[in-house]
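Structure below; questions to follow.
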Amino acid sequence: MTNLATNFAGLKLKNPVTVGSGTYGFGSEYKRFYNPNILGAITSKGMTLNEKEGNPPGRSIETPSGMLNCVGLQNPGVEFFAKEHLPKLKEDGCTVFANVAGKDVDEYVEIVRFLDSTEVDAIEVNLSCPNVAEGGIAFGTDPKVVEEVTRKTVAVTSKPIIIKLTPNVADIVSIAQAAQNGGAHGISLINTLLGMSIDTKKRRPVLSNTFGGLSGPAIKPVALRMVYQVYPHIDIPIIGMGGIVNSQDALEFIMAGAQMVAVGTGNFVNPLACQEIIEGLEMYLEENDIEDINQLVGIAHK
Amino acid sequence: MTNLATNFAGLKLKNPVTVGSGTYGFGSEYKRFYNPNILGAITSKGMTLNEKEGNPPGRSIETPSGMLNCVGLQNPGVEFFAKEHLPKLKEDGCTVFANVAGKDVDEYVEIVRFLDSTEVDAIEVNLSCPNVAEGGIAFGTDPKVVEEVTRKTVAVTSKPIIIKLTPNVADIVSIAQAAQNGGAHGISLINTLLGMSIDTKKRRPVLSNTFGGLSGPAIKPVALRMVYQVYPHIDIPIIGMGGIVNSQDALEFIMAGAQMVAVGTGNFVNPLACQEIIEGLEMYLEENDIEDINQLVGIAHK
Amino acid sequence: MLTGKIEKNQLLADDIFEMEIKYSNLSAKPGQFINVVCDGKLLPRPISVCQSKKESFVLVYKVVGEGTKWLSKRIKGSEIRFSPPLGRGFNLDIKNKKIAILGGGMGIAPILSVAQALDKADVFLGYNNDEFLHDKFPNKIYKSFASKGETVIDRFVNSKVGKSYDYVIACGPEGMLKALQQVCKEKNIPGQISIEQHMACGVGACLVCNCQTKHGYKLVCSDGPVFPIEEVVFND
Amino acid sequence: MLTGKIEKNQLLADDIFEMEIKYSNLSAKPGQFINVVCDGKLLPRPISVCQSKKESFVLVYKVVGEGTKWLSKRIKGSEIRFSPPLGRGFNLDIKNKKIAILGGGMGIAPILSVAQALDKADVFLGYNNDEFLHDKFPNKIYKSFASKGETVIDRFVNSKVGKSYDYVIACGPEGMLKALQQVCKEKNIPGQISIEQHMACGVGACLVCNCQTKHGYKLVCSDGPVFPIEEVVFND
């Protein structure tokens, strides 16, 4: 018998596979393909304190082996989530990571404080969304701010805090260390790279917000590099993501040092991606006579 | 009659198309496909003061819509270039941009001083190569250092200095401005993104240098975004590059604000890429009744 | 993803192909679409189910980019992968109405099955040049050709009969739907239109396919692609 | 890039295909390769020209990844794009030598044309399991099968005749070439081997395809792919 079960920041999960925030809604949309409770955890779409409308149409475009999006944090607000979505997810037996974003430190603290009284299993704090002028980019690029947000959010909850970082920085290691210093229980790497596309017929940017987040296989080499760079420098576990579409991709991230992996754009490429990745990891363990997937974490460093 | 001719940093060029340093050797390799003098300019491979061996085998791997390389600045040294390659290029009627890299500020200055006495038309100073521990990444991520290197190299030559920046930074605008403040005559955007790949069979990094530079269509959205971001904030012209494989791609960069475009990985995808891009731009102008390509530079901002 | 075998993939008109895929009981409702996997492209392509039969279904698509070009090169017998039917189709529970069904260009594909279900309705087909699918409609048909200077909206408005319709169903390019919306607003005619937007997940999870409506943003993939004609807010 | 039409694309053995491409006067020298464009993949794939005829040429390739898989699905009549012949082939100006030509696995493809030019040479073919191309060699042939526990090097070394060769030409997996190099070093036999490395430009411009030699790094695409056997330094 092989073991896919993993321990992430004190949580016992049936496997190390979750989804990228914002790519899986609140879970119900993928029910027609498989039961989301097969996942190690479900990560919710990014939520703010109050409902947010997001950006006007023109929110996405395909790029070579990737896509750009500027959804702009459209969400129903964290209270609505707690009332409408969370109970259903828990009923289905899902482990739930709530992804949150704030326009300032206070909003982060307030959302996390609110979620502390709910049934979510962990809180993923998005310091990286590049779409919203008030929040996003600024938070995740300054180690001091990262440490501050981490410290203040950790202080108001007994739930694990996972800090999700932006890759749009020169030195990801120092940012990850700042999160650890602030008391984070885990790190998510990476959010989208900031990109854009131009419509040469209209001679205008394609996206309504001009810029958008680049995701998908195109960014996998960058994401993997960041996980590999950060792994030896922190003691808290990493959720690796960026371009994972199959179990080989997931293995690369695990070998680079990811304790868990998240599938984002991969769900759009293949709605069964998560299920097939879980099966693929199981098969890999069996074929290679490895008892426990945790033996592979960071093995590429050895 | 349409006009592809352009003025770049005081140089009159027959068209705005050059090649990405390191992807075109010293020009002779592509002679079997077309005469390199059709290009607006040829950009040489990156050169150091003395010959450099580069990294051991395992220098590249394909990635989704991109490739990683860790050539590690293998080159015969700038003197050899001036003696062996440059005369041939000039004989063929090529405009030549010499791309250079140093391990410290002094080496940059020394190379540029040396090249000042040669027939090169401009010098592209690479502050971005991520492969070599001593040089590369550090230079291009700190505005102060960028300004210093620029100022010191500009001081020792009467030739235009083009500063080539790394995209592996949080704020590309401030770096570009630093180059302009230092007296640069142009900016090249972008060099490769730092990435990696893992061989899941060997459970080891694929590249001999662990990390490598990601290039090709995968990075186009990031490159385009940086050109678009920088354009309104500087007065010196930009060479845009990153994933250009056809004339549509080139047009996107021009519309974002690039005065010239460079084709790097595109040459590997299609050895005739540069030629086809020049023809494609010409056709675009004709079909759209545009007299001068320079009318399109930055038009997406309007 | 589901897998079917291509039974037919033939040129209907300029760059427009008809593909029949063998697959039992897809059971797509008129107006629903499927997400078709195109090799070499990351995201699947949304294509309306033009005809849903017991043992097969039909797509009609135009080659506009690399994904649809790839589709057009598939030969009989090769496999093709696609999602189950997605989106909300047309609401056909329209009683006692004099209905006009309008299709412009590729918008003719999604309305064929609607027209077959509502065979009393009149159908207005707007072609660019070459006609296609017209022989499949059991309805009374009015054709127009942009190449001859007449749009389907011109035809609809100019037709004497036009005056007596009290319900429209339409699919076509944005300009056509916008013009139709204007006409319907003036004449106070209700109806349903099917619209397009770039998609990723196709199931309402990623929120990239929003459109502006009178009641805020809605998702084309899961709230639509069919919306009440009066609800959609088009760009100027 | 050049364009040719596929005349034949058939399975030879397990996952190994032979593709004949109609194209006049490619004129590849034995040991040269072409860069083949594979749709959906960024970089072209280097494949040795197995046979270069007047009106066509032949590639023999193994499906190992997505590029070669795509190749294997091309049907007769479809077009294929490729570079002119690249690299330095074998130097066949070897007089008065008793030559052994060794091919292991896919390494059998590049040596066929060498063996045809040097038909006095003996040929050692190392298969995994199924044999292929063996019937095209005009030479005396010694076969070995890894599935039966004998490598081509075993066969070469164990063959009584082996002792009398004074020149080798070889292509095959790194392990085989390394073993052969050891044997040749001991017996002081010179020769040429063809090696592989991941490539990008294929013409010596990008410097990604280096290999370690006694005289420093060389480029497999333009200095090779054929090198003197004593020159290449293999990894431990």
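Letters A, B, C and D name the chains as they come in the text, with residue numbers starting at 1 for each one.
The rule we apply is simple: contacts are C-beta pairs under 8 Å (C-beta built on N, C-alpha and C of every residue); 3 or more make two chains touch, one makes a residue touch a chain.
Owing to the predicted nature of the structure, the values given are computational and were not obtained by experimental measurement.
Engineer: Going by the average position of its CA atoms, which chain sits the greatest distance from chain B?
Structural biologist: Measuring from the centre of chain B, the most distant chain centre belongs to C.
Engineer: Whole-Å distance, chain B centre to chain D centre, using C-alpha means?
Structural biologist: It comes to 36 Å between the two C-alpha centres.
Engineer: Provide the C-alpha centroid distance between chain A and chain B, rounded to the nearest whole angstrom.
Structural biologist: Going by mean C-alpha positions, chain A sits 34 Å from chain B.
Engineer: Round to the nearest whole Å and give the separation of the Cα centres of chain C and chain D.
Structural biologist: 53
Engineer: Chain B: which residues touch two or more other chains?
Structural biologist: Where chain B meets two or more other chains at a single residue, that happens at 65-66, 216-217.
Engineer: Which residues belonging to chain D are in contact with no fewer than two other chains?
Structural biologist: none
Engineer: With chains as vertices and touches as edges, which is it: line, ring, star, complete or other?
Structural biologist: Ring.
Engineer: Mind giving me all the chain pairs that touch?
Structural biologist: A-B, A-C, B-D, C-D
Engineer: Give every residue of chain C touching chain A within the complex, in rising order.
Structural biologist: For chain C paired with chain A, touching residues are 1, 41-44, 83-84, 197-212, 216-217, 222.
Engineer: Please give the residue numbers of chain A that touch chain B in the complex, ascending.
Structural biologist: Answer in residue numbers: 63-66, 68, 137, 141, 168-171, 193-198, 200, 203-205, 210-212, 214, 216-222, 224-225, 228, 243, 248, 251-252, 255-256, 296, 299-300, 302.
Engineer: Quick one: in the complex, what on chain D touches chain C?
Structural biologist: So the residues of chain D touching chain C come out as 39-40, 75.
Engineer: In the complex, go through chain B and note every residue touching chain D.
Structural biologist: Touch residues, chain B against chain D: 22-25, 29-30, 32, 45, 53-54, 56-57, 59-62, 65-67, 69, 71, 74, 216-217, 265, 267-272.
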